[in-house]
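Got a structure for you, written out below as C-alpha cells; questions coming shortly.
To keep things simple, chains are lettered A, B and C as they appear, and every chain counts its residues starting from 1.
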Amino acid sequence: MGLVEQGRIPKPLTTLLNRARKYSLWVYQWGLACCAIEMGAAFGSPRYDVMRLGVIPFPASARQADLVVISGTVTDKMVPPIRRLYEQMPDPKYVISMGSCANCGGPYWDSYSVTKGVDQIIPVDVYVPGCPPRPEALLEGIVLLQQRIQNEDMSRRWRGEPIVVGG
Amino acid sequence: MTVATDWQKSAYIGGQAADARVHVEIEAEGMTLNIGPQHPATHGTLRIVVRLDGEQVVWAEPVCGYMHRGYEKLTEVRTYPQITTLVNRIDWLSSFANEVPFILAAEKLMDVEAPPRAQWIRTVLFEMARIANITLFLGDMGVQLGALTPVFYAFRDRELVLNLIESATGGRFHPNYDRIGGLKEDLPKGWIAETKAVMGKMRGYCDEMEELLMGNEIFQTRTRGVGVIPSAIGLSHGLSGANIRASGIDWDIRRDEESPLAWKACDWRVWTHPDGDSFARYWVRLQETREATRIVDQLLDGLPSGSIMAKVPRIIKVPAGEAWVHTENPLGEMGYYIVSKGGLGPFRCKIRSASFSNVSVLPWVLRGTYVPDVITILASLYFILGDIDR
Amino acid sequence: MSSAADASTDQIGVGIVEALEKELAGALLGSEVSGSDVWVRVDRAAWRRAVACCRDGLGFNYFTFLSGIDWKADTDLAGEKLWDPNPPGRGDQAPGEGWGTGLAGGDSRFQVMARLQRVPGSVGVTLKADLDEGEPRVDSIVELFRGADWHERETWEMYGFVFDGHPGLRHIYLPTEFEGFPLRKDFPLLAREVKPWPGLVDVEPMPGEPEGGEGPDAEAGAES
C-alpha cells in the first residue's frame, strides 16, 4: 500500500490492523532440541493450548509463517539452514528465541560447535529464558510479542526503522 | 535444430509411446532427495540424503551432526555435579535415565554405595522416564504415518507423568536429581499414592493406543513387513533396546546384569518379537511401557525406608581408575566409560549413546524401500537427536 | 566381598584372556579382569586379529563402541582452571616418563579402544591398542562389525586416528570446513580462554564476612 510508505495511515486503522495481525499469527516451529518438546507441549497439548491466543502452529512451510520459534541449541552446522529458512519467511516476520541455548549458548557456552545465541544470525524479538522454559513461559513470550505487535507503527517498520514499543 | 534437454526428450518419447499405446521404459537418472535437517518427521535435526529411482530408494545416507554440542569435550572441563546437569540433555525425553549410568560409574570408581531407598527411588524414576519417553513414541509414530490424534493423547497423558517427576524433583524434564551417593532429596508426601494412580491411567493409555493405532488396518498394512532388520545385522551394527528385541534377541540389561538398582527386586518380563519389522518394534515398546508401569507399582509397594544419601565428601573427587557402566535406557543401551585421574572432573568420559548405533543401520535398511516407508522406518527405530549427536 | 558368583565371573574373564593369549601369542601386551569385565591391550598390528578372534572364536557378537583416548596431561587445556583445595599430584605424569595410562597399561599418548559384548548375556571385553603419536594409524574393523563404520569416522574426526581399510573417512559430526581435532588435549576451548572459569562457587565469601573468611570445607551444607 502506498499509504503505508508515506506514513499516512490513520491511527485507528493501524490499531485495527495490528490487532488483527497479532491474533492471527502462524507459527513455524523450528524445534531443534529439548525446548522443542516443551514447545510441542505448548502447541499440541490440550493443557497449554496455544491456539487460544490465536496462534496457529501448522503452517505447511516457512513461506506461510509469520512467526518462528527457535527452540533448542543452535550449532554451527545448523546455521545455514536457519538463515535460509528465515529468509524464506515473508515480511512482517517475528522471531522468538526459546530457551537458554538459543538465547546465548546456554549450558554449552564453551563448546566448539555451538553458536552462542541465535541472535548472532537472525534478529530476535522476544527471548524466553529457561532450560527448558515451561510451556507457560513460552505462552507469556507470545503474549509479550503480541503486545509488541499491537504497539507497532507499520510505516516505521516498512521504512526499516527500529521499532519503539510502548507509550 | 534446437538442443533438447533430457527431460524434454523423455517427455517426447513418453508422449509418442502413450499415443501408440506402447510400453516403453525410459532410463532416467535417479533423483536425489534431501529429507531434513528441518523436517517434521525426523525427530529433530537429522538430514537423510536419499537417491531415488522412481519411488524406490537406491541409496541412503544420514548426515548427522546438526545437534553436535561437543559433550565429550565439555565433560573434561566440568566437575561431576556439573556433568550430571549437562548429561540430562543427551536423551532429552527421558532425562533421568541419562544421569543414572553416569552416577553409577562414578560411584563404582569411588566405591560408594547409595542406600537402598535411594536405589529403589532411582529405579522408580528411571522407569517413569521410560514411560514418559515411550508414551510420546507411541503417539508420535502415529503422526509420522498420518494419524494426528494419538499424539495429542500422548502429550496429554505424558503431562501426568511429568507432573509427578516435577513434584519429586523440581523439573519437568532435566530433573538433575541424581547425586553421587544418592539423591538430592526425598519424595514429597503423597507422591507414592498419586504415582500408583497415574500408573493405572498410563496402562489405560497403552490400552487405548493398542486399540486405536495398533489395531488399525492402515497402520498394520503400513508397518508389517516394512524395514525388517535381521538380528545378525542388528547386532553387528550395535542396535540395542527394543529394536533388537523386536528382531528376536532376548537381551535386556536390566535382567541380565548385576546392577545396584532395584530391578531384580520385582517381577517382570522381557518382551521380544520374532519379526523384526516396524510393527514389531512398535509392539515391543507398547508392551514394555505396560511392563514399566507394573515395575513402578511393585517397587512403590515395597519401598524401603531410610536415608537417601550416603556419606560422601562435600567436594567430590573420584579416585583414579576406569569404569564402564551401561543401562537399558528407553532408547537402547546407553553407557558411560569414565577415565578418572583423581581430579574434580573426569579425564575422559566416553558416552555410548544408543541412537548413534541405531541410526547407523539406516543405510542398510533403507535400501530398496519406498519413500513413505522411509518415514515409517525412521519412526519405528525411534531415535532422539541429542542421543545421536551428543 | 568375594563370593562364589564373583569367582565364577572372574573365571569367565580369565578364560577370555587365556584364549586371546593363545591366539595372539606375543601381541597381547596387558590385561585386567574384574568380574565379567575384561580389559585387554594388544599390539597395534594385531588389532584386527584380536577383534576377529573375539567375534569368531569367543562369541562376542555385539558391537558396543569404538573410540580413542588422549593421555596427555590436561595442563595444556588453556583457560581451564578448576579451583581445587588439594590438587592431585600432577607428578604422576612427568613428560618422558611413561604416560600413566589406565587399566591394562599403555605406552603412548594415543590409544584406540573398542568394546564388544556377548549378547544375550553380560560378558564384555574392552580392547585397547597403543597408537603412534606422530601418525596414529590402525586397521579398520568395518568388515568385522558394520557398526564400526560410524564409530571410526567419529574417532577420526575427534582425534585424527586414521583407519586403514575404512570405506570413507569423512566428517560425521562437524562441518566439512572444521579445522583441528577437538578431543585432543591440545585443542583449546576458546570460550574458556576468553573468560576463564573462576572455580567453584564455594570460594565466594559470605556477605558480611571478611574476605577469605571460612574455608569451603568448614560446614557440610546443601550447596551444589
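Throughout what follows, a contact is a pair of C-beta atoms (placed from the backbone, for glycine too) under 8 Å apart; a residue touches a chain by one contact, two chains touch by 3 or more.
The structure displayed is predicted, hence computed values, not measured ones.
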* Just say which it is for the chain contacts: an open line, a closed ring, a star, complete, or other. => complete
* **Chain whose averaged C-alpha position falls nearest the assembly-wide average** => B
* To do: Farthest from chain A by Cα centre, which chain is it? Let me know.
  => C
* Asked: More contacting C-beta pairs: A-C or B-C?
  -> B-C
* Take the average of all CA coordinates in chain A, do the same for chain B, and state the distance between these two points in whole angstrom. => 30
* Structure fact -> Cα centre of chain B to Cα centre of chain C, whole Å, reads 25
* Centroid distance [mean C-alpha coordinates] between chain C and chain A, Å -> 43
* **Where chain B touches two or more other chains, by residue** => 65, 68, 70, 73, 77
* Structure fact -> Multi-partner residues in chain C (2 or more other chains touched) are 173-175, 182, 187, 189, 192
* In chain A, what residues contact two or more other chains? -> 77, 110-113
* chain A-facing residues of chain B, complex -> 37-38, 44-45, 65-70, 73-74, 77, 85-86, 89, 92-93, 136, 151-152, 155-156, 158-159, 172-174, 385-386
* To do: Mind listing the chain A positions that touch chain C in their complex?
  => 76-77, 109-113, 116
* Structure fact -> Interface with chain B, chain A side, in the complex: residues 30-34, 36-38, 40-41, 44-47, 72-73, 75, 77-78, 81, 85, 107-108, 110-114, 131-132, 134
* Of all residues in chain C, which touch chain B in the complex? -> 35, 37, 39, 61-65, 67, 69-70, 74, 77, 80, 82, 84-88, 92, 100, 102-103, 113, 115, 119-122, 124, 126, 145-147, 149-151, 158, 171-175, 182-183, 187, 189, 192, 197, 200, 202, 216-217, 220, 223-224
* Structure fact -> Given the complex, residues on chain B that touch chain C span 64-65, 68, 70, 72-73, 76-77, 79, 81, 232-233, 235-238, 240, 244, 249-251, 253, 256-258, 314-315, 317, 320-322, 324, 326, 333, 335, 337, 339, 341-345, 347-348, 350, 352, 356-357, 360-361, 364, 389
